[in-house]
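Labels for the chains are A, B and C, by order of writing; each one numbers its residues from 1.
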Amino acid sequence: MVKFVEKELLTIQQEIREMWTLVHQQLSDAYASVLSADMGLATKVVSREKRVNAFELKIDSDIEDFIALYNPVAVDLRFALAMLKINNNLERIGDYAKSIARFVIRMELQPLDPELVERLQLPKMYETVLAMLDTTHEALNNRDIAQAKSVFETDETLDTLNQQAIDTLADYATHHPDAIRLCLELTSMFRKLERAGDHINNLAEETVFYIDAEVLKHRRAQRPEPEAE
Amino acid sequence: MSLPIDSSYRRRKLWLQQAVFALFRVLSYAVVAVLFLILGFILFHGAGVIDWTFLTEAPTDGMTSGGIWPAIVGTFWLMVGSALFAFPVGLISGIYMSEYAPDGRLVAFIRTMTNNLAGIPSIVFGLFGMAFFVNYLSFGDSILAGSLTLGLLALPVVIRTTEDAFRDIAPSYREGSLALGATKAQTIWRVLLPMAMPRVITGLILSLGRVSGETAPILFTCAAYFLPKLPESMFDQCMALPYHLYVVATSGTDIEAQMPIAYGTAFVLIVIVLAMNLLANAVRKHFEKKLKSK
Amino acid sequence: MNKIEAKNVDFYYGSFHALKHISLDIPQNEVVAFIGPSGCGKSTFLRLFNRMNDLIPGTRLTGQISIDGTDIYGRSVDVDLLRRDVGMVFQRPNPFPKSIFENVAYGLRVNGVKDRAFIAQRVEEALKGAALWDEVKDKLKESAYALSGGQQQRLCIARAMAVEPSVLLMDEPASALDPISTAKIEELICDLSGRTTVVIVTHSMQQAARVSNKTAFFYLGEMVEYGETKKIFTNPDQEATQNYITGRFG
């Protein structure tokens, strides 16, 4: 491959990396703002979302230019298409982080009942999502298909955690009628995390597609249908 | 749907093709056959007299015996002389016509005139040579006058081949040189001339081969009936092979004895002309190889 | 800063109006591509920049073309000096029937450089700049015709660059080459950008897209659109441009 195309590819790769880090930051800050009921941090997440959106547009247009100007084929084409979708999926994950931060602000959230946090397995939920995001990023950087595919299994953990959280919250709400609204918001947050997991799944699928041209979408029969939003 | 083909038509057209090709083949072989007939005839009658003495000694006994050495030397000098004249003049004219002369009527006129020049009977050149070089310029009957006359005869071909050789060079070479800031003269001298040279040289040698066999132009300007000694300067007369052939074959004292000498002379002349043609070929190939590989 | 400025250029071959009222500025040290169907005038326009069209009898130019602010068709302009500063690479590789070394040295020699050490050094630099040095350094004395087509074209680029022109005109420089050689030439063009102003005429839209900063689209002697290459290839203003680059006509 000629040098100057290589240069463009590296630029896009670098941008995707930055986007990835940014979104990861958003999600983990959102998590921190929920745990510590930190209004300031939540506000920061919301305002940083604008940067995520702008960055998404920039990467989109860079990839568009790359495709228009260099007519990539084979691995370069897969790279461009995969990065385009990865970019969009990252932005969606960023959206969820923002929504969660919004919820913190809207509720003027007080520190949560530690017992509830414990029963919800809230940290595990967040940490799983963040770990999936890291694993996929690593898989992409190392072009490691097996690592990318490992994400698919972890995704099921999220589904289970989400199901359990709904039960837990329903139960909690029955006993704490004053917290019904909070519980509803928390179910919504869990669903967002679960959806974020689905998007990370997409990231992993695109990674596999880029590395190996293997189309995984809608093929894995064991994959549970994502819940309608 | 198949085409309504008349099956006999195909047979007929193939047969016709075969017949026409056969005719072509016979005709071309006939031409070659005639050439070999002439060569064989000359060889048959002339080869017998060719020996070392014949090639290296002057005619003796009223040209009924002895050799043709002075005629060989004379022809050689005439060719050298006409080359020295025709080459630079032809080259310069050809370059002018191809590179400098503005396209249009003038060049077209010059080109037509050059072609006409090539069509003028050689005896007319002889006459002109006598009037202009021998008498007007007072060169007398001499190698100089003969060479110039023969050179004039060779000139149209040299001009034509030079012009064609330059014209056939792709414009991108000219442009490539000019685009580097070279002048037109630099371009011609450094790029075009080396590329055109093989064809120019080939044209020159071929035309020299042609004029070396001419009798008429040197008849009044140079050729001597008989000279026992070799020419010493370009103002001397000389003997020449074609004229010698003419003389021994037509105006001798003893035709019987002279005929073998005539055939021998013809043989040497043909060998020289053939050698010139082969040389032209070799030179062209050499230059082409040099252009390609060195 | 603009290197080349063309104002209201009209050009005629005899009575044929080949270029119609073209104005365009070419920024310094950028790569500008001219695209358009055959006969659209893009090559003709390119050849105005080093006055190559002067060689064609019966042509006429109106309007003004200036390089570095000087009208190159002005009366006091020395054409050979202009051409030294505005190099050109042609469609077909046209090395001279000389050795590899002498080909590159040619431009120096015809411009009066006599210093042999300087020439040797500059030839080496130019060949290195054209990414050809490693392939030919052991056979500099051999004929340029012994090289492959792609190598010959890089030799022609080295030859043009040896006299240090500030503008390099390229008239379909890769159209006679195979894809690998084409890629090498394109890489060279990218290397040149930022140091030399490059104007390239190409039939390959992909090539224009890959190598240029700005692109001008010509059609029937008119310049239909001129702008950033990215813009032209993603969202051109003119429908004609869009139709051409998408292959819908031409």
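We take it that a residue touches a chain if its C-beta (ideal position, glycine included) is under 8 Å from a C-beta of that chain, and two chains touch if they have at least 3 such contacts.
All figures in this text were calculated on a predicted structure; none of them were measured in a lab.
**Q** Taking each chain's centre as the mean of its CA atoms, which one is farthest from the centre of subunit C?
**A** A
**Q** Please state whether B-C or A-C has more C-beta contact pairs across its interface.
**A** Pair with more contacting C-beta pairs, B-C versus A-C: B-C.
**Q** Quick one: most central chain, C-alpha centroids?
**A** Measuring from the global C-alpha mean, the nearest chain centre belongs to C.
**Q** Could you give the separation in Å between the centres of subunit A and subunit B, each centre being the mean of its C-alpha atoms?
**A** Taking the average C-alpha coordinate of subunit A and of subunit B, the gap between them is 90 Å.
**Q** How many angstrom lie between the centres of subunit B and subunit C, each centre taken as the mean Cα position?
**A** About 46 Å separates the centre of subunit B from that of subunit C.
**Q** Where the CA atoms of subunit A average out and where those of subunit C average out, how many Å apart are those spots?
**A** 49
**Q** Looking at the complex, which residues from subunit C come into contact with subunit A?
**A** 183-184, 186-187, 190, 206, 209-211, 229-230, 233-234
**Q** Looking at the complex, which residues from subunit C come into contact with subunit B?
**A** Its residues touching subunit B are 50, 52, 55, 57, 80-81, 83-84, 87-88, 90-92, 94, 96-99, 106-107, 109-111, 142-143, 145-146, 156, 159-160, 163.
**Q** Can you name the residues of subunit B that touch subunit C in the complex?
**A** Residue positions touching the partner: 102-103, 170-183, 186, 190-191, 194-195, 291-294.
**Q** Contact residues on subunit A for subunit C in the complex?
**A** Per the touch definition, subunit A meets subunit C at residues 2-5, 61, 64-65, 68-71.
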